[in-house]
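As written, the chains take the letters A, B, C, D and E, and residue 1 is the first residue of each chain.
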């Protein structure tokens, strides 16, 4: 009689196969969901295109998101702001008609939030779009990605090397990285962002 | 494929004696299989030296150093002052050092054991199940049938109850 | 050496031990089923509720933010101490009476450590983030705080669990091999893998001996450090009655003490229900009884020291903590502890007591109840009476906590019951070592035909 | 900077204590016990500012109240010669804080404002900091808290609502400190002016018993107040080096 | 895998699909939940997302009239702080005021007009529209007015000031009624009467605690609940440690230590109701030592002859030497100040007592000077003292109602069912009133008995104005503006009255379309009159400036020329207090006091305040009976023992709290709990001691002598653990609250100075 662990291993093979397939399936399922149903670019109530507004027409971001330079939140424009222009412009397009119907019913447009940070993160737009920040080369696109090329807004973050990563939400490491690079005062103090 | 002559003994002394005789007769160093560690093997088959202690020492060193580097290094990567103490505080880090020293010492000892005991056995090896119960086996490699006959006779003489001709795959 | 095993042969040991693994009666299944059921009902169910509701399901409050979970944690860690530690010490000192019992004692170590580790999960407020206490690279660039005594705990217990499971495994390899030869089917495969192809050659025995000895040498200081570190969780605070230098030896002694009592309990059960009467004998109980006596005396001494230093400090807070411990809300528990852990073990002076099985069992259980109380009191009384009298409070465990304590016991029993069916609970080869070598009379050849 | 550089640099810099000196601010508070009337306005102010939950009668009876600042009361003497002393107790923001060292995940540490932080989203709830704190000012979220609608509309958006299993404590209203620094930056100023930032309790104290400010600034009100001969710190013997300094009550009779 | 079998293949396929599904849902489950960004339709001008907006307005939680700044974010009230420019609060605020947001966002608010559909008190209400509600009331009022039975309408309000009070006056007057009653449990009738008698002043003077060096307080819990606690606290703090080398001394005389008693340097327990005697004994000593040398000295000596320190010592239980010491210190430390109120005024001799306290101020010359008692000038806006209803007035009202003389009762804010003793029979009298209308924002006990509920805005949603009473020595006015848009279908009280007025065609007298107009109109007059710190040409800019600042004030002080009439001196004298119930049957005197946290019960529906520990006992969420340790021991009671407290007029049950600082024959209970209605936080919690008070009155004012009830205590043998924070209330020599001697406080003490870390 001889002895070896090989027969024992061989006996394990069916179980390992099933387990392995299960695990592989798990990865595939996860990947499939992440790839095809990322949920990072929801369909908005009105098909507003940043590409047309910010890209082609070169409307500055803060024309609509007026709050950004003085408030913690950038804010979404009020319906009246949209109507201000679209009373005149492209009034016949179906999406604009949709807008006008909101306006006439005095209803707000239920935009779906795309860029979102957890509630325990206190990010202020004001600090990040101040003159000082702009001087350091921080644009809206730094965090929000190439918005001017997107028809529908998509979650975008950045890799450490600075390249855009589509459908990837922001993580703490990226904030930290930027704070370190720019040597932000107390930039790595937790209470700068969490309180 | 190599062949072995395996003799089974009731008494450890006989098995030891057989092994000694075999070795003296010019056979390759025989292997003893026993249900308990045998005393006196070394007198018969010569001193054994293992590398385990080196593994242990090496592991402990690695563990100790990496423990300290882990504790001290990570605390300067993201500085979190606590309790008015220095960021690199030696006394508490020595505890981490110590624990990792032990951990790595243990892990390397085990590694050393497996390597030096040639375990796990991936290849088929000659084995006598009785040797795990209450019999003592002496196995010796035999190049050919004559060799085997000689070994068998030596084993039988020493008091082997059975002598088996066994083979193991290479 | 064990006198009663003199008429036993190697093959008898082999037979008896393997029988304990492969022959499983309905009793066993009933016991296992009950233990597992109780675990589910009393441990996992209340814990799930607590995960859903929050730690508030337990009776903790301000200032009693630590409660029975932490007490249970220390208790189980303490219980773990005797197994591996004693085994190592006795191995190095070549005690032969160790050999019949060390396997199950080590198993006790391993499982009580596992239960203790579970209590860490039960204890923390957000166990789903417990991995943050481990050092691994992450995008947050956050590392654990290596200055924290709690992190010493994480490291020490991690090492200890690894070390003791390796130790028990290494010691079992020859026995796995022995079982492998006697089993078929999936068991055979399992033991083939577990034994890694062990054959019992002279080389293997030699290596095993050295590796095992090194492990023992490494594990002894580790075990001492583990409970010292657990004591530092308390002693490094500045809470009156916790901030004491005596705590490390106190905890270590207490741990070995409760662990030894635990071994007595386990030995009794093995002897009685696994038919190991021939292996676990009066000698063991006698020796363990002596050990218990010594430990109880040391323990009592340290307790006295603790009281003395508290009184001698002259600080109002220390005095109050002392007064509260002796005469306060939890005082009945304190005196119960003294009765069980300091007074009752004095019975071990009598050798007749030591060699009577049932009284020893009762004593061992009493000691462990007393030792649990000790752990509870360390947490309970000290936190109740801290520096600011206006912030004093009383902590009383809730039903969930009590249930989880009971459940943890059942969890331990479940793990142990599974263990005895997988690992030979008496080390065959070491028992054989203590016996005389086989005599030349011919015996019926063992089953299993030659290859 | 490479990893090795960071390490060697850190080794040189952080081998010794005392790096607190490099901090910009060192916020501190003085509490004049001679002025404190025990009215508990500070307690409510804190509750409103910091989203402290209403725990309910049952939880309160169990000893699970949430008050980042509380008034402790100590009676002295017997009737008729009896006195009641109040002392507001809040996180002392110790420079040598026992609570900080014990946190295994660095959820609490000393930040560059000289404050004892508590990062809720990092906390795993071992509660050891609460044990180590001799002032008993750390509070644990034993469960998730409810605000009966629409009471939740009052919640301060600048402060996280804590979830179950998380420790919390006084932050010296860090959100206000941050806001003040923000304003200082907007104005092109480097430093926050004395009195520009006040935690909610200090802001509301009707008797002006609480003073808050930067103790690095020797001219700040708080620095001057801390140098008052009546100044003392609670449990000084524990060497926790608190940033909250009490001014002794004047006992006119004795 | 070449030789895979069918079964194995199926297994693999199964495992794979389970894995894929599980992986898919794993990812799905950790996705961020969808949130919306809801923009405004039209961006509002006064606030921006993410930026705080602060509004200055007026606190209406108690009668002090503090100015407040309300922090709002995205249109929601976040926090209330004191308005730094308001002279009453000076940026500070008490716990009660801070709890304002919980009034606004209270989950138990009434959300729209209701009509009782079942029996009164059954709680069966149906929703109605404002039109229906207003019409129903207006129709009834119209009928009554037409039938010249306007006097059968009664408007019963909480104490309101400013133009709302004026509006009420005109409205009731137009109906042809004289029944405008302002009822508050805590209104200090006796104090007003005493000041009227002694100084001839309709208004309260300004008590300048800030600059005083010696304060003798007779029963006035000036830091807790008396008149203007925030302002007094400011003064207290300044007096104590605000001035170099001068530290004010505070002495409190009362049978049970109040918050002010704890803050005082000396707390002296005098038998309940004998505070006035003590004051006169002090006066006697001042005269006999010759500290007072005025022309009318002889008159004083004559009138005070019977109040020697030894005699009074026997009556009050305060040793004669203490009285002498107090008198010496009071006369010699200048400026000094004597104040009286609270329990001292709530006895059968209340007015006399407070007159005696005023006499002290007169005798040491504390009138009209800093650190003493300063007379307030005419307020800038309307006042309403004549309508303050005393207990006697309420009894008359009850009697009228019982006779069927009241046909419509409009209740605004006040809650007499709760704040009147059951002996008054108010709740029963309500049964005789055919129509009860409530304007309350909450379903309190009185509102629960109403037929029609027209819920008001809270003060944070409505327009109003206030002229603090007492003032701060100069005229102050403040406008209360809405800081949040109305949460529910409620209306401002003024708008409801105006709505009724419109339906009743009162446009000539009440010409305003809204309360905002009314206030603006009123303030136009203030603007036209000139003066004040805001001087602008146009009213609009004046109005804007006042709204921005939240306050308007005028730096004018009254000349202090005060001469005392001899007849007043002759009238000075304090009788022994009368208690209801025989001392044999009822051995204890019940000392009910306003809760520091819940006030008179109005704040019992605010969870913050329910959960705010009582400063003295740390008890929350309930009632308790305070008892001297000796008394408790004698009765065999410990903390938490439930006892029955029985007066000749009822019985309540509460747990004992052993209170070290209360006279042995006095038991004290906080007012505030014991609500039967008033929302989830207040309902069925504790007991209301007002309920068992005897209808004993102060004869001159007819106000309730609320501290003059005798009770007996019977143990029930049951226990109810008090919910409180405290562990041990003794510091066991741990030196937690450290003290230092008085004389040394500016000297170098034996303490290590804590210095700045060197930089």
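Definition applied: contacts are C-beta pairs under 8 Å (C-beta built on N, C-alpha and C of every residue); 3 or more make two chains touch, one makes a residue touch a chain.
Predicted model only: the values in this text are computed from it and were never measured.
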Intersection of contact partners for subunit A and subunit B: C, D
Topological distance between subunit A and subunit D, in contact steps: 1
Greatest separation from subunit E - chain, by CA centre: B
Of all other chains, the one whose Cα centre sits farthest from subunit D: B
Pair of chains joined by the greatest number of C-beta pairs in contact: D-E
Core chain by centroid distance, with centroids computed from Cα atoms only: D
Subunit C and subunit D: spacing of chain centres that average the CA atoms, whole Å: 42
For subunit B paired with subunit C, centre-to-centre distance based on mean C-alpha positions, whole Å: 29
Mean-CA-position distance for subunit E and subunit D (Å): 31
Rounded Å distance, subunit B centre to subunit E centre (Cα mean): 87
Overlap residues in subunit B, where contacts from two or more other chains coincide: 75, 77-80, 82-83, 85, 120-122, 125-129, 166
Set of subunit A residues in contact with two or more other chains: 1-5
Residues of subunit C whose C-beta touches two or more other chains: 141-145, 147-149, 151, 177, 196-199, 387-391, 393, 448, 450-451
Those chain pairs that satisfy the touch definition: A-B, A-C, A-D, A-E, B-C, B-D, C-D, C-E, D-E
In the complex with subunit C, residue positions of subunit A that touch it: 1-5, 7-9, 11-12, 171-174, 176
Subunit D residues within the subunit A interface of the complex: 109, 111-113, 115, 117, 119-122, 158-161, 171, 174-175, 178, 182, 185-186
Residue ranges of subunit E touching subunit C (in the complex, touch as defined): 725-734, 736
Subunit D partner contacts - residues on subunit A that touch it in the complex: 118-120, 122, 124, 126-127, 130, 132, 186, 189-192, 194-195
Interfacial residue positions of subunit C with respect to subunit E in the complex: 316-317, 320, 387-393
